[in-house]
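Below is one structure; the comments refer to it alone.
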Amino acid sequence: MATDTAYSSAAGDLRGPITPEGHTMVDLLTGVLPQIRSEAGDNDREGAFPVEVFGQFAKLGLMGATVPAALGGLGVHRLYDVAVALRRLAEADASTALALHVQLSRGLTLTYEWLHGPPPVRALAERLLRAMATGEAAICGALKDPPGVVTELTADGSGGWLLNGRKTLVSMAPIGTHFFVHAQRRDAGGQVLLTVPVVRRDAPGLTVAEHWDGLGMRASGTLDVSFHNCPVATDRILERGPAGARRDAVLAGQTVSSITMLGIYAGIAQAARDLAVEVCARRWSEPPSAVRTRVAEIDARLYALHAVTGTALLNADLLAADLTGDLDERGRAMMTPFQYAKMTVNQLAPAVVDDCLSLVGGQAYAGRHPLARLYRDVRAGGFMQPYSYVDGVEYLSGQALGSDRDNDYMSVRALRA
Amino acid sequence: MATDTAYSSAAGDLRGPITPEGHTMVDLLTGVLPQIRSEAGDNDREGAFPVEVFGQFAKLGLMGATVPAALGGLGVHRLYDVAVALRRLAEADASTALALHVQLSRGLTLTYEWLHGPPPVRALAERLLRAMATGEAAICGALKDPPGVVTELTADGSGGWLLNGRKTLVSMAPIGTHFFVHAQRRDAGGQVLLTVPVVRRDAPGLTVAEHWDGLGMRASGTLDVSFHNCPVATDRILERGPAGARRDAVLAGQTVSSITMLGIYAGIAQAARDLAVEVCARRWSEPPSAVRTRVAEIDARLYALHAVTGTALLNADLLAADLTGDLDERGRAMMTPFQYAKMTVNQLAPAVVDDCLSLVGGQAYAGRHPLARLYRDVRAGGFMQPYSYVDGVEYLSGQALGSDRDNDYMSVRALRA
Amino acid sequence: MATDTAYSSAAGDLRGPITPEGHTMVDLLTGVLPQIRSEAGDNDREGAFPVEVFGQFAKLGLMGATVPAALGGLGVHRLYDVAVALRRLAEADASTALALHVQLSRGLTLTYEWLHGPPPVRALAERLLRAMATGEAAICGALKDPPGVVTELTADGSGGWLLNGRKTLVSMAPIGTHFFVHAQRRDAGGQVLLTVPVVRRDAPGLTVAEHWDGLGMRASGTLDVSFHNCPVATDRILERGPAGARRDAVLAGQTVSSITMLGIYAGIAQAARDLAVEVCARRWSEPPSAVRTRVAEIDARLYALHAVTGTALLNADLLAADLTGDLDERGRAMMTPFQYAKMTVNQLAPAVVDDCLSLVGGQAYAGRHPLARLYRDVRAGGFMQPYSYVDGVEYLSGQALGSDRDNDYMSVRALRA
Amino acid sequence: MATDTAYSSAAGDLRGPITPEGHTMVDLLTGVLPQIRSEAGDNDREGAFPVEVFGQFAKLGLMGATVPAALGGLGVHRLYDVAVALRRLAEADASTALALHVQLSRGLTLTYEWLHGPPPVRALAERLLRAMATGEAAICGALKDPPGVVTELTADGSGGWLLNGRKTLVSMAPIGTHFFVHAQRRDAGGQVLLTVPVVRRDAPGLTVAEHWDGLGMRASGTLDVSFHNCPVATDRILERGPAGARRDAVLAGQTVSSITMLGIYAGIAQAARDLAVEVCARRWSEPPSAVRTRVAEIDARLYALHAVTGTALLNADLLAADLTGDLDERGRAMMTPFQYAKMTVNQLAPAVVDDCLSLVGGQAYAGRHPLARLYRDVRAGGFMQPYSYVDGVEYLSGQALGSDRDNDYMSVRALRA
C-alpha cells in the first residue's frame, strides 16, 4: 500500500490517488459508478440531471469530500486526488463529473478562505463547509454573464445590497442550494470592484432556468440563473478587490478551482479508448494496419495526456501548500503549468476520441452510441476558463516573451463589460 | 462568362460549375437555399426530413438534374458540377445535400447503365431516368446490411425472386419511391453472386423504418428498410457478377457514386469558416494572436480541401468519359485519387470546423448553434464508403506497395457475411 | 496528345506540362537529369555549384526557356509548366532546381517588362531576354540585405548612379552575369524609393563571395554579393515607386517570381517518397502496420501537395494573362491562393520527407544518404519570401479579417531598414 | 532543499535531480558546460569527438557517475537523475550527451549485473565498474550489425572463443576502452544463442573505424568497429540465452539502457526554444500573431515532453528497484510507458525545433547556426532502439490488442540475420 501510494505519487500518471483520503473518496465513488454508467445515455438524451445520484453522493459524504475532516468532511486536500476521482467518474459519465467538480473545487477554495480569509469570511466558509459535509449544501459558481448583461451589486440604501443580472452556464444548478455569484459593484469614485455575493437558492428574486440544451455535457445541470433585486447581506459577500489590479496572486485560486477538470477529459478519452480497443480486439484477430497504428498512437497520446495532467497537478498541489514566497509569482507558477497541460489536453483528448470513432466505424455515429456522447462531451474542454485557447495563447506567450497584460480573466471580463 | 467557365475549370478550386448545365442546376438550387437554411436547425433537432424542400426540388427538375436532356433531365454530366452544387447546398444544410446526393449520383450511374448496359437494363434505366426527370421517382440506394443480417434474393419457384433481409443507413428513404438493394444470391454451385434488385416502395413486404437517431446528418432521412418475401421480377435486377472476382473495373462506378459527396464536407467546412470569420471580424477590431493564426490556417486548409477535391473530381470526370483502355486500370485510376482526396478531406474538414468552434467560443457549444450542428455533421465523412479510414489505408498502401487484395468493398462485405 | 494536354490541364495534379512549349522544356531537361542526379550528392557535400550542368542548360536553350519565341527563347509562358519542370528537376537535385528557378522566373517577369514596361525598360528587357535565350546571360535576383545593411543607390553627381551595400542569399551567383539588385534611394524630399539597378558581374566594385555554407540547398550557388561604389547607368534601372505605397498590384509580380518554387518542394517530397516506397517494397513482403499506414498517408499528402500547388498555379496563370480589371485586386487574387498553397506545401513536404526517413530507418541518418539531403533541402521552403510563415499569417488573416497593412514585403523591409 | 527535492520528484517535469548524488553529478557537469557549448559548433562541422571534454569528465568522476559509491563511483542510481543530467548536457551539445549516455547507462546495467549476476559476471562487473569510476574504462555498446553481416562467436578449439564480424553506430568509440559486443553463437543443436563478449580495444583483430559522417550527432564518436578472429576469454562473456525465447524480462534492461536518452531530446528542444524565444523577444516589442501563437504552443509541447519523459522515468525507477514480482510483467511495465514517452518525444521534440527555425527565420538555415545543428541532431531520436516508430507501433498495439510476438528486438534481429 505504501509502495502503491509512493509509486502512483511518483509516477504522476493519474492512475490512482496518493493520499488515504483520496483512496476513501475513490472507493466510495466506485460503488456508485455502475448506476451512473447505466443512466448516462438516457440523461444525455433528455438533458436530465442525475438528481438521485447526487443524493447518493450526499449520503456517502462525497459532497463534502474536500471539506476538512475537522469540519466533518472526508478531508481530501490534494488536487491530484480530486482529478483522479473525476477521471474515474468521467469514464462513467462526464456530465456527472463536471457537476461534482463544482462542489469539490468549492470545498478546496472554501477551505482556503476558512484558513486564510478575514474573520467574517472564515465564519461564512465554516458554515458552508459544514453544510457541504452533511450534504445539505450544494454550492454552484455563477461566473459568466451572457453577452450584454452585467451582473451588479448595488446598495439597497439600508446597509444591505441588491443583486441584479443573469449568469449563464452554471453547472449543478438543479440541486444548487447556494450560488457564488461573480458580480461587480462600483465604489464612490466609480471604480469597478469585483465581488462575490453568496446567494441562497430560496432568495427572493433568484430564478433558476428550467433547461439547457447543450451540444454535450447535457446531464451536467448547466443552467442560467437570474437575479432581480435579490437581497444580499454584507456578511455574505466575498470582496475580490478592484478590477484591473493585475494581481497575479489570484491565479492560484483560479488554478485550484479549475485544474482538476483536466481529469474529466482524461476520463472521457480513457472511456473512448477502452471501448474502441475492446471492439477492435473482438472484431479482428489480425487487426488491419491502420487499426494497429491508431491504437498505438491512441495509447501514447493517452499516456501523454495523463502524464502532463498529473505533473501539472502535482506542481499545483506543491505550490498550493506553500504561501511563503511572492504570491504573484506563486500564482503564475501554478497557472502556467496548468495552461501547458490544458492546451495539451484539449488537443489530445479530442484527438483520442476522434480516432476511437474511426476505429469503431459507422455504428459510433448513432446518436445513442457512447462514442457519440463522448465526441460531444469532450469538446467542452476547449471552452473552459481559464483559459480558452485564444486567451491561453495570450497568457503563455506573454509569460515567455513578456507582455503588459491583465492575466485575471474575471477582471478582464468585468472591465470589458 | 467563357472566361469564368474556363477559369473555374482550370483552377479546380470548386468555386463554380464548369458546364452550362451545371450553372443551371446551381442557379435553380440557389433559389431554394434560403428556405433550406432557415429550416436546417429545426430539422436537425427533430431528425425531420425536409419533405417540402424535396417537393420544390422535384418541381424545379432538380431530382432529374443528372438525367440526360434526351430523357427530360437537366443533363448535368460532370461530377465536378455535382460536387459544386452539393457544396453550395451543404453550406445551407448538409443533411439535405446528403439526401440529394443519393438522387444525383443515381442519375449518373443509371445514365451509364442506359448507355452501356445490356438491353433489359437499358430499358429499366430509361424508365427510371425519365421518372427521375419528372420528379416522380426518388431512388434510394440500400447498401449496408446490419451486423448479422444478409439480404438475399432467392428464387420463388416460378421464375421470379423473393427478397429477404434488412438494410441500414438508407438516406432519402422518407420519400424514396424505389430502392436499389445490394443483395446476394447463390448460383447452383453455391457461389455468391452480387445482385441489385430494384424494388418499389409499395412492394409487398417492404417496410421503411420510422426514425433514425444519428449523431449528425439528422435530417437526411437515413433509415432502415426491411424486406420480407418481397417479390422482384427478373427484369428489375442488375447483376454484378460473382463476389471475390477482384475486378477493379467496378471501382469506377463506386467512384462515380461517392466522390461528389466530398463537396458536402467542403460545404460544411466553408459554412463553419464563414460563420467564425464573421463573428471574429465583428468581435475584434484588433484580433488576438491566436485568432489571426487560426484564421490563416483555416483558410489555407480550406483551399487545400477545395483544391484536392476539385482535382480528384476533374480526374474522375476525365476518366469517366473514357472507356477505351483497360477497365481495371481505369477503375484504380479513378479510385486512387478519390481516396487521396477523401483521406485529406476527412482530416481537413473536421479540423476546420473544430478551429471554428474555438474561435467562436462557448456559445458554439449550445445545441442549437449552427457550429454545434456542423461539428456533428462533419464527422459523418469518416464513415462513408468507399473507404473508411481503415480500409482506405489498406487500399492505398496496397496500391503503393503491392498487395493481393479485393478492392471491391461490396464484394468483401458479401464474402464476410 | 490533345487528350493528354486537356487531362493534365484539367487535373492540376502537376503530373505533366500543359503546353507544347512546356513539353519541349521538360523533354530537354529530361536528358540532363541522369547527370544531375549522379552529381547531386557530391555537390551537396562540397557546396559546389554544378557549373557544367548549367553549361548544358545553356546549350539546350533551357536558360531561355521562358523567353518568348520571338526573342529566341523556348516560349514557355505558363507558370504551371515551369513548376512541373522544376518538380522534375528537383526530384534529381533540389539545389539545381532552385538555381534554375532564378533564371526561369526572370524570363517570365522580364517578358512582362518587355510587353508592358516603359520604352527604356522594354529595350533593356529585350536585350536581356535575347541574351538569356542564347545562354549568354544568367540573371540573378539580389533581394535581401543582411542585418544592419541597407543597399542604396546614390547620384554620382554626373547623371549616373553609384550602388553601395551587400546582398545575401543570391542563388545561381557563381554563373550570374547580371544582378537585379533591389535597392533604395531617396528623392529630394527624403522619401524612400524602391529601385532595381541591373548590374553586370564585371561592374567595378561588385564582388561575389566565394562560398556559402547552408544547412541545405548547398549546391544552389547561393552567395553574398557586395557593391562598393558600383556605377549604374540610368537606363539600367527599374523604378518601383515609393516604399509604403501599399499598391497590392505588385503582388502579381511577386507571385509570378516565386510561385513556381512550390514545384521544387513537390519534387523533393516525391523523390523522398519514391525512395522510401522502393525500400519498403523491397524489404518487406508483408509490410508492418506502421509502414502501410505511413505509406497511405504519405501518398495522400503528396497528392494534396500536388493538387493545391497545381490549382494555385492554374489560378495564377489565368490572372497573369488578364490585365483588364483592378490591378490591386488582381495582385491579391494571385497572391492569396499562392499563400494558401505555400503554407500547405511547407507543412506537407517536410512531413512527407520526415515520414520517409522513418520508413527507411537508421541508414537514412548517414550524411550521404539521399534522404539526409532531402531532409535538409526541404526545410528551405519555410524561409522563402513571400511570405515566411509569420508574415503569411499576417497577410492571410488580414485578407480574411481586414487589416491596415502593407502587403509588399520589399516595401516593408525597406521602411524597416 | 528537502522541499526542492520533494517538489522536483513529485512534479516529474525534469527540472532538476531528485537525489543528492544526482545533484552532485549535475553540479560537476555544469562546470564543463561552457567549454562544451563553445566547441559544439566546430565539433559538429568536423565530425570531431570532444576527447578533451571526456578527459575532464574522467577527472571529475563523471565517467563513473552511475557506479555505486562502494565501488568508487558517484552512486547516481536514478534513471530520472541521469536523464536530467543528459538534458542539461544536450542543451549545450547533444552529441556529447549521446556519447556520455553510453557510459552512464552502462554503469546502471553493470551495477545490476554486479548485484544480481552469476559469480563470474559479478566479478567482471566489479572490475569494470571500478575502472569506470577512476575514469580508466570507457565502455561502448556495439549492438547493430550492418546489413548482411552477422557478428558471431565461435569456439577457438582450446576453450576460448573467437569473435568475427562488424558493428555499426557504436557511439563514444574514439575513446572506448572496452566494447560490449552483441553477438550470437550456435549451440550444438544449431540453436542461436545471444551472447555479449566484452572485448578490450587493444584486443588483436579489433579495429575502430576512423570516421563517421552522419546527418547529425556528428560529434558523438559514432563509428564502426570490426572484429577479425578476435580472441575472447570465457569469463568475459555475458550469456543472454537463446534467441526467440520471448522472455519479456529482458525489456527491463533494455529500458534501463535507453530510456535516459529521452533527456537528450528534451535538451535539444529546450535549447532550440531558448534560442528562438530570445531572438523573438529581442526582435519584436509587439510580436506578430504567429510568433505569439507558436511560442505558446512550443512551451506547451515542451512541458508535455518533459512531463511525459519525467513520468516514464519515475515509473522505470520504481520498477527497476523492485524485483519481487513476475519479471516478464515487470519488463513490459517498464517498456510500455517508455515507449509511450518515446513516441511522444519523437513527435514533440522535432516539432519544437522546427517551429523554432520558423520563428528565427532564414538565418537559421545557415549551416553553422545552432538551430541548423539542432534540426539535424533532433532527428536521431526516431532511429533509436528500442523501438523505432515502426517497431514501436507493433509493440504498443500488441500490448493493447494482444499479439503473438517477440518483443526483444535483439532477438528478432538475431533470428532475422
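Letters are used for the chains, namely A, B, C and D, taken in the order the chains are written, and counting of residues starts over at 1 for each.
Keep in mind that, in the parts below, a contact is a pair of C-beta atoms (placed from the backbone, for glycine too) under 8 Å apart; a residue touches a chain by one contact, two chains touch by 3 or more.
In this text, all values refer to a predicted model and were calculated from it rather than measured experimentally.
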> What chains do chain B and chain C have as common neighbours?
Replying inline: A, D
> When A-B is set beside A-D, which has more C-beta pairs in contact?
Replying inline: A-D
>> Find the pair in A-D, C-D or B-D that has over half of its contact pairs, by residue number, in common with B-C.
In response: A-D
> Going by the average position of its CA atoms, which chain sits the greatest distance from chain A?
Replying inline: C
>> Based only on mean CA positions, could you tell me how far chain A sits from chain C in angstrom?
In response: 52
> Between chain A and chain D, what's the gap in Å when you average each chain's C-alpha atoms?
Replying inline: 41
>> Two or more other chains touching the same residue: where does that happen in chain B?
In response: 287-293, 296, 392-394, 397
> Taking the complex as given, what residues does chain D use to touch chain B?
Replying inline: 287-294, 296
> If you look only at chain C, which of its residues touch chain D in the complex?
Replying inline: 144, 147, 169, 213-216, 218, 288-291, 293, 350, 354, 357-359, 361-369, 372, 375-376, 379-380, 382-383, 388-394, 397
>> List the residues on chain C that touch chain B in their complex, please.
In response: 3, 6-7, 9-13, 277, 280-281, 284, 287, 291-293, 295-297, 299-304, 306-308, 310-312, 314-315, 317-318, 322, 337, 339-341, 343-344, 392-397, 399-402
